[in-house]
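What follows is a short report on a single structure.
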Amino acid sequence: MFPPLQDLYRIAPELVLCAFGMLIMLIDPFVAAGKKRSMGWLAFIGTLGALASLRWAALNQGSAYSGLFRVDMFSLFVHAIVIGVAALAILGSFDYLDRENIQRGEYYALILFATAGMGILAGANELLTAFIGLEMSSISTYILVGFRRTVLKSNESSLKYFLLGSFATAFFLYGIALTYGATRSTRFDVVNRAIAAHGTGPLLILGLGLIFVGLGFKVVAAPFQIYTPDVYEGAPTPVTAILACGPKAAAFAVMLRIFYSAFGNASHIWFWAIWVSAILTMCIGNFAALVQTNVKRLLAYSSIAHAGYILVAFAAASEIGVAAVLFYLAAYAAMTLGAFLIVAHVGGTNEQRLNIEDYAGLATKHPWIAACFALFLFSLLGLPATGGFLGKLYAFQAALDQRIVWLVVIAAINSVLGAYYYLKVVVAMYFHEPNKEWAPTPMHAPMFVVLFITAAATLYFGVLPNRIMELAIASARSLR
Amino acid sequence: MFILNHLWIILALPLAGSMLTLLAGRHWPQKYVNLSSVGFVVLAFLSYCELAREFFSLTAAHIPLPPADYFTWMTAGNFRVDFALQVDQLTIVMLGVVTFVGMLIHIYSVGYMAHEEGYYRFFAEMNLFMFFMLTLVMASNLVLLFVGWEGVGLCSYLLISFFFQKKSAADAGKKAFITTRIGDFGFTIGILMAFWTFGSIDYKTMFAAAANMPVEGMHQWGVLTSICLLLLAGAVGKSAQLPLYVWLPDAMEGPTPVSALIHAATMVTAGVYMVARMNVLFSHAPAAMLAVAIIGGATALYAATIGLAQNDIKKVLAYSTISQLGYMFLACGVGAYAAGIFHLMTHAFFKALLFLAAGSVIHAMGGQQDMQYMGGLRKKIPWTFGTMLVATLAISGAPLFAGFFSKDEILFDAYAGANANPILYGVGLFAALLTACYMFRLIFLTFYGKPRYDEHHVHVHESPKVMLVPLVILAILSVIGGWFVLPTYWGGKDYFKGFLDPVFSGSTELAAKLHPSWTEPPHSLELTMAAIAVGVAFVGFLIAWYLYIRKPALPKKLANASGPVYTLLLNKYYVDELYGAVIIRPLIWISRNVLWKVIDVGLIDGTVNGVAFLSRESGNGLRRMQSGNTRSYAAWVIVGAVAVTVFFVWMVR
Amino acid sequence: MNIAMTVFIACGVMAIVGALALILAREPVHSALALVLVMISLAILYLLLGAAFIAAIQILVYAGAIMVLFVFVIMLLNAGEEVRTNVSRLAKWVGLPLGIFFLAEMTYSLFHEYGNRAAASGAAAPDPQLTQQLSMKLFTEFVLPFELTSILILIAVLGALVLAKRES
Amino acid sequence: MAGHNYLLTVLTFFPLAGAFTLLLLSGDDHVWIRRFTLFASVIEFIMSLFLLRGFSLADGGYQFEEFYDWIPSLHIHYHMGVDGISLFLILLTTFLTPLAILCSWNSIHEHVKEFFAMLLVLEMGMVGVFCALDLFLFFVFWEVMLIPMYFLIGVWGHGRKVYAALKFILYTMFGSILMLVGILWLFHLSGVAGNPTFDLPAIVSMLHNGQISLPWHSELLLFLAFILAFAIKVPVFPLHTWLPDAHTEAPTAGSVILAGVLLKMGTYGMLRFCLPLFPEASHRAAPVIATLAIIGIIYAALVAMVQTNLKRLVAYTSVSHLGFVVLGIFVFNPTAMEGAIYQMLNHGVSTGMLFLVCGMIYDRRHTYEFSELGGLAKPMPVLCAFFLFACLSSLALPMLNGFIGEFMILIGTFEHHAAWAIWAATGAILSAVYLLWAYQRTALEKVTVAKNENLPDASPRERLILITASIVIVFMGVASPLFTHRMDATTNALLQQVGDRTGYAARHVAPQAAQPTQHELALHSVKFERRAQP
Amino acid sequence: MIPISYYLILSAVLFGLGVVGFVFKRNIITIFMAIELMLNAVNLAFVAFSREFNQLDGLIFVFFVIVVAAAEAAVGLAIVMVIARNRKSLNVEDVNLMKF
């Protein structure tokens, strides 16, 4: 019963990513120190290849490797998000790495491996496979976060991320063990059937709880959001961008799979956990963000808040809910990536300029960067005609559809709070006179392309979201 | 029938004049201004004459004429106001007064205002006033009347504060507008209520409906009573009756022609006109009638007393105006609408004359208005003196002068009319005495005795022709203006009353019906009443003569002797101060220190900012959660794990 | 009270003692050795459960490789005696109590399962086929995770390389 | 779909196109930028006039409708249309924008291009709000329009501009976000009813034919969610404190648009959404809202009276005047309602003009403090004459626009709630007080500050602005039926809708058609008689 | 005859001790050991279950867990070394540059 060849097609994206990753590792030693950027281009090509191979995978949908892995619309959608994020992040990293002179091949290789791990997460149909995917993405991100080895903050965030990350993983693992013990299997479908058959025993519930801990950590659901601000702040900004979009998306994907398809019959148990956690997450994120003066950290908090909004859709536990989550993830990825990359650009050497005052008068110096940033902020804030708004709208609608009214009301009020701190940045950019003289590093083509794509995507999600929504709904359907 | 079919012309003329002057007059020489403004008013008067001719030529069958409806001004839901004009006997009378006196005063102003800056502005506003006054008079529905009503108010505001750089003038204008607005508040409500009651604000419909409604007894307060009282409030404001009269004396800040035209002859009589116009309603609401009468009587007496003690020549006239208006209200109050209107007309003549003459005096004295610094002008400005004397005789009711007839008629009706009231009669009589007294005081102080001014600096000179001609004309009218009613004294018919009868017949008949016991008083009574009135007036004259000619020193002593009474009169019973202390200042204080500072800024905005502050603080609290210490973070994770597991294992199941 | 039970109790106690020692020891090296103790005792328990192969790699990989790595790092950084700072009051007053509570909770709720899980298991004789079956399963059914772990190791190598390499 | 034309779409997005061209075209020639913007806005205005031509008086429903799918998977449509309510509000918008552009001709110095672009974007948002018939579309415009306003206040304002801008946007967003929840809830309900849609007319009809059954308490909650957003925008009494700040700090153009159009969106929203969607709740809540409106009328008037800052004073007058509008809406009477709609337009023009004058004074003296002004009628008679004129129209002098709206509202109100009408009418006195006092403190008496001795009088450009406004004011004051006739059908239809579920219709909607015709007949006969006379 | 639940309880205890250790220890390396302890507890549970079900899956999982643990160890210790090198301290509580 050796797995058929077709299974290789199904994991084509992962194969491509890993292949390129190893390729880079092989070539890297022979590339002159000045030429390392070429590795980046190679990685970029790799991501493009992966994206292309998605099509291939799409043609061979179905479960692979004796049902450990599943290729369906859902996994494809998430694949698209994470690989896209990786691609754009790679492009956006070039200038940054040069500036910090950490332009090394491993960086790109790690991004590729991490992305592969996220891909596995998206498609995993079995707890242990999911676990390994999780570890792939986590471990590589631990390293990426600490990539600026000489910088204390970077070390610190790497350490915190690593310690707490593996702590949470341990919980997750124990949860898997208990689930296994309760249902004699770790396959989602089997678990599902077992629950349907015997209901939920204490072992299973305990397992579910611990799995929630592990995944909650990855999707930064309160109170497991705790590590986020520090890690995001310390990490190299492009990595932060990836962290905020990729792993989160993947983690939400696997969480959806586990909670919907494995523990779908136990939704009455996890619903309230999600409900409470959503409120906590939103409130912590928003309120704490109100008083931030460091833009990077502020965005970190805002990403917590957004995790909260996604959880609102999650709580709906319905097809629309899943669609809403997916759409939100996509829209969120676009705007957050853009925002963080701009922070990276404005930050300058050694990320000195991260405070809001440093953005004073950006509009006069760089109208276009300012405009893009404003666009991303408005989108994060959820103003109409941007992806953020549609995402929120869709999420709220999904929740209301399940008559989860008060959660939505709280979420809505929270989103107004957002106005205050996002606009603080806009105010600085547009209303304040530039306080100190500053010659920003010139923006190169790749970065420009990234900004253009993200901005365009943000608007596209906001104005003509139908195509994406249909895809999201289709993916939601494919997730049973 | 040209004008009758095109009533709008009478309105259009002054309006055109005003617009032309306002837009172009700024850079014109004065004679163009005269041409455009005075010219148009003269035209208006001529077209009035034509109108009157046509009107009289009509056969009774055609009267009342249907209103001429020009366009719909407002319409929404079942509410509809047309811009419709109408002509009837009352209108004819009023139009006559307005256009004629207006014309004369315009002419007079050419001389009087010659040296003022903003000449064109003055005339533009005067013309505009004419326009609104005519609208008021010709309106065929309440709302349109209200248009004129507010319009004249506006013009009076503009003209009072004509010398806008004087604070007093600016204040006076504002005061006038706002005080009348307070009355108009009632008036507005009255209109609303009228519409609510009759479903329309057209006179025809309203009166027809009202005529079929039962009369509301003195003690049952019905809808008609309410409407009438509310409208009365408006009238009280506009015609400066108690308690809203306070603006009129201050209004003397305006140029004298303005005082003559607006604050004596026309605008202030609008209230009387309105009451007369609404006679059907009022006669169905005796309580309201009584209110009108009482307010009128009280005002007549009250203002007269103040008039006794004033030294500013125009202020005296102002109070006398208030007092005379009181008479008119008294008349309307006792159901003698015709008499009221009659007095309105004669008063227009002699009071305008008085003001113009006073203006001529002031002009002669170079702006001096205080009678204490006049005296002995008789010789120096004979024409002015002569005309003013005539006017004075007229107002104090010397036999055969215009004022005599009208006032006599009012008193007679107050005593012997259908709903007569002896007390009011007494009040009226006493007021008549006072009138004669203070008017002759004015004459004596101004024209007799020794000059009390510095003759080297003040070069008294007679006014130019253009100012004297109107004086003379008005003087003539002040004499003959009342002769319509002469025949009554030998039992003939009262032409004036007879002419207006179609308008008031309904009310008079109703009054007769209400007091079946009442009978037409004998002719002899008429004569005795007249004799009494004359006698009283003569007494007043004698007092004035004794005090100011015979014993010029006496008034001072008297003043000192009477002490507080005199100061009370001198300071107009401190009413302004009272209003200031009781209403205005508290209101402003509360608005500033309570509503604005406390509620708006403190309470509401405070709450808003408080919420912002609180959320920021809670943010500060929450960020403490991120202590930066990995062990604390681990602790949080454990907290979460415990919470989740406990919740799952013990809560859910 | 047969041998199996005796062994179980002995190892169990040993493991718990080791764990406690790991926590309480101030010297990192002592903690490391305590952890080794735990692992060995667990290995014995695996044997008791008839999973010889697992027991073997437990000894080889865990106690052998990983722990050696630990001790090596400790030596390298010559990590001295642990200073019991208490900056985080939260960890002391909330973390520890709740941690202990968590322990109790888990134990209790597993006790709760006792009733419907009486399925006994004696000391099974080590099954010679086990390893073979295990590898069969590993390379057929679980080939994907297996391959992924190889990538994982690769990542680890890469990471170690990136992070620990001295600046040139 | 009545007549498949794209007028509304063009009207809505033409300004946006203008803004983009402005931004994309490089070069910083201010004169050119101003001219271009003015040109664009004037074109817009002219195009909007075509609405009048095609508008049918008889049709109480929506006209110029456009209906396309936008986001099918969320059942969101692109649905535009105008009726008697929105028609003139659109015209008001397109009329005020050129004035606003003209009045900021010389008063804007930095970021000129962006400023005018913002004005155009703002216009897009406003027109869109008045055209949108799809709840989602409406909300999009409603929110989008905040941004340019936010920048207008924040960048080109003065004083504590950032605070004011932030306050403005936070207040408004807080209100509107709950409305969003309400909208979604309605969508959910329509979905439950089997026909999920954001389309306003569809939802209204479903509510009325009972497809969507709304329990009383949830209707009330929804109503509150909507009314809160609108009440903040209007603003109704206790929610008004953002207004004075926003107005005082905003640039003239901003204030003009803010007072002229933005505030109307609140009242418009009440008419367009609260009443037809939640008739029951509207009727039950009417007393409360009317009370608040009346408190607002009097309270704001009193507070305005004692302001020491001209612009702040005018800002408070807006609160007072809008109180009338809200009152007129919530008595459910055709007269009052048309009065309310008319009053929206009046307030737009009159207060707009007041702000224009304020701006012109500010351009000369760079202050609004009364202590700095006074006696201005001497140096600049013309400007002050127009100022007085604006005051008069705003204090409801007959034959000027303000009177008609106010009077209709009072008439309509009195028919059902005499007390409300009486209380509201006191506002008329107070408005005279504060406006004339303000005028006196600004224009009359002696010039106290030396700087004011010889200020230049109104320039030709300023005269053009003011004269245009004045003409409109007089025209609206005299020829009101031209406007109200176009509202009749809609208001009646609306009142039928609002009425029939709670049986108010019988009492409230008086028969329209019969009465005027009789009147016409009467008129003809009269004319005939007069001609017959010898 | 040893009931499975004994093993489970033992693993639970060990896991719990790992958790306690994590918050209790200050030395980064020993904290990391606490994590390893938790993983071991998990393994015990897996083996016990696979024994109970007579399945091999559990053992496979153990195999993977060990590998993952190894990988984590490599990376983790690398991070620890970097930290130690830059900070000259292994006390986790000294690592608090970023807070609030």
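Order of writing sets the labels: A, B, C, D and E. Residues in every chain begin at 1.
The rule is short, and it goes like this: contacts are C-beta pairs under 8 Å (C-beta built on N, C-alpha and C of every residue); 3 or more make two chains touch, one makes a residue touch a chain.
Note that the coordinates shown come from a computational prediction; the quantities given were computed from them, not determined experimentally.
Quick one: which chains contact subunit A and subunit C both?
Per touch definition, common to subunit A and subunit C: B, E.
Compared with subunit A, which chain's mean CA position is the farthest off?
So the chain farthest away from subunit A turns out to be B.
Can you figure out the chain closest to the middle, judged by Cα centres?
Closest chain centre to the overall C-alpha centroid: D.
Ranking chain pairs by how many C-beta pairs touch, which one is first?
Max contact pairs: C-E.
Comparing centres built from CA atoms, which chain ends up most distant from subunit C?
Farthest by centroid: B.
How far is the middle of subunit C from the middle of subunit E, if each middle is the mean of its Cα atoms, in Å?
The answer is 6 Å.
Report the inter-chain centroid distance for subunit B and subunit C in whole angstrom, where each centroid is the mean of the CA atoms.
Chain centroid spacing, subunit B to subunit C, equals 104 Å.
Any idea how many Å lie between the Cα centroids of subunit D and subunit E?
Each chain reduced to its C-alpha mean, subunit D and subunit E end up 67 Å apart.
Provide the C-alpha centroid distance between subunit C and subunit D, rounded to the nearest whole angstrom.
Computed from C-alpha means, the inter-chain centre distance equals 73 Å.
Note the residues in subunit C that touch 2 or more other chains, in rising order.
Correct list: 87-88, 91, 95, 99, 102, 106, 109-110, 113, 142, 145, 149, 152, 155-156, 159, 162-163.
Residues touching two or more other chains, restricted to subunit A: which are they?
Those would be 128, 132, 135, 139, 142-143, 146, 149-150, 158-160, 163, 167, 202, 206, 229-230, 420.
Among the residues of subunit D, which are close enough to touch at least two other chains?
Counting only residues that touch two or more other chains, subunit D contributes 170.
Let me make sure I understand the interfaces: which chain pairs count as touching?
A-B, A-C, A-D, A-E, B-C, B-D, B-E, C-E
Write out the stretch or stretches of subunit E touching subunit B in their complex.
Contacts found on subunit E: 19, 22-23, 26, 92-93, 95-100.
Where on subunit A is subunit E touching in the complex?
These residues of subunit A touch subunit E: 128, 131-132, 135, 139, 142-143, 146, 149-150, 152-153, 155-160, 162-163, 166-167, 170, 173-174, 176-178, 180-181, 184-186, 229-230, 233-234.
Along subunit D, where are the residues that touch subunit A in the complex?
It comes out as residues 70-74, 136, 139-141, 143-144, 146-147, 150-151, 154-155, 161-162, 165-166, 169-170, 173-174, 177-178, 180-181, 184-185, 187-188, 191.
State the interface residues of subunit E toward subunit A in the complex, per the touch definition above.
8, 11, 15, 18, 22, 28, 31-32, 35, 38-39, 41-42, 45-46, 48-49, 52-53, 55, 57-58, 60-61, 64-65, 68, 71-72, 75-76, 79-80, 82-83, 86-87, 92, 95-99
Name, in rising order, each residue of subunit B that touches subunit C in their complex.
Residue list for subunit B touching subunit C: 627, 629, 631-632, 634-636, 638-639, 641-642, 645-646, 649.
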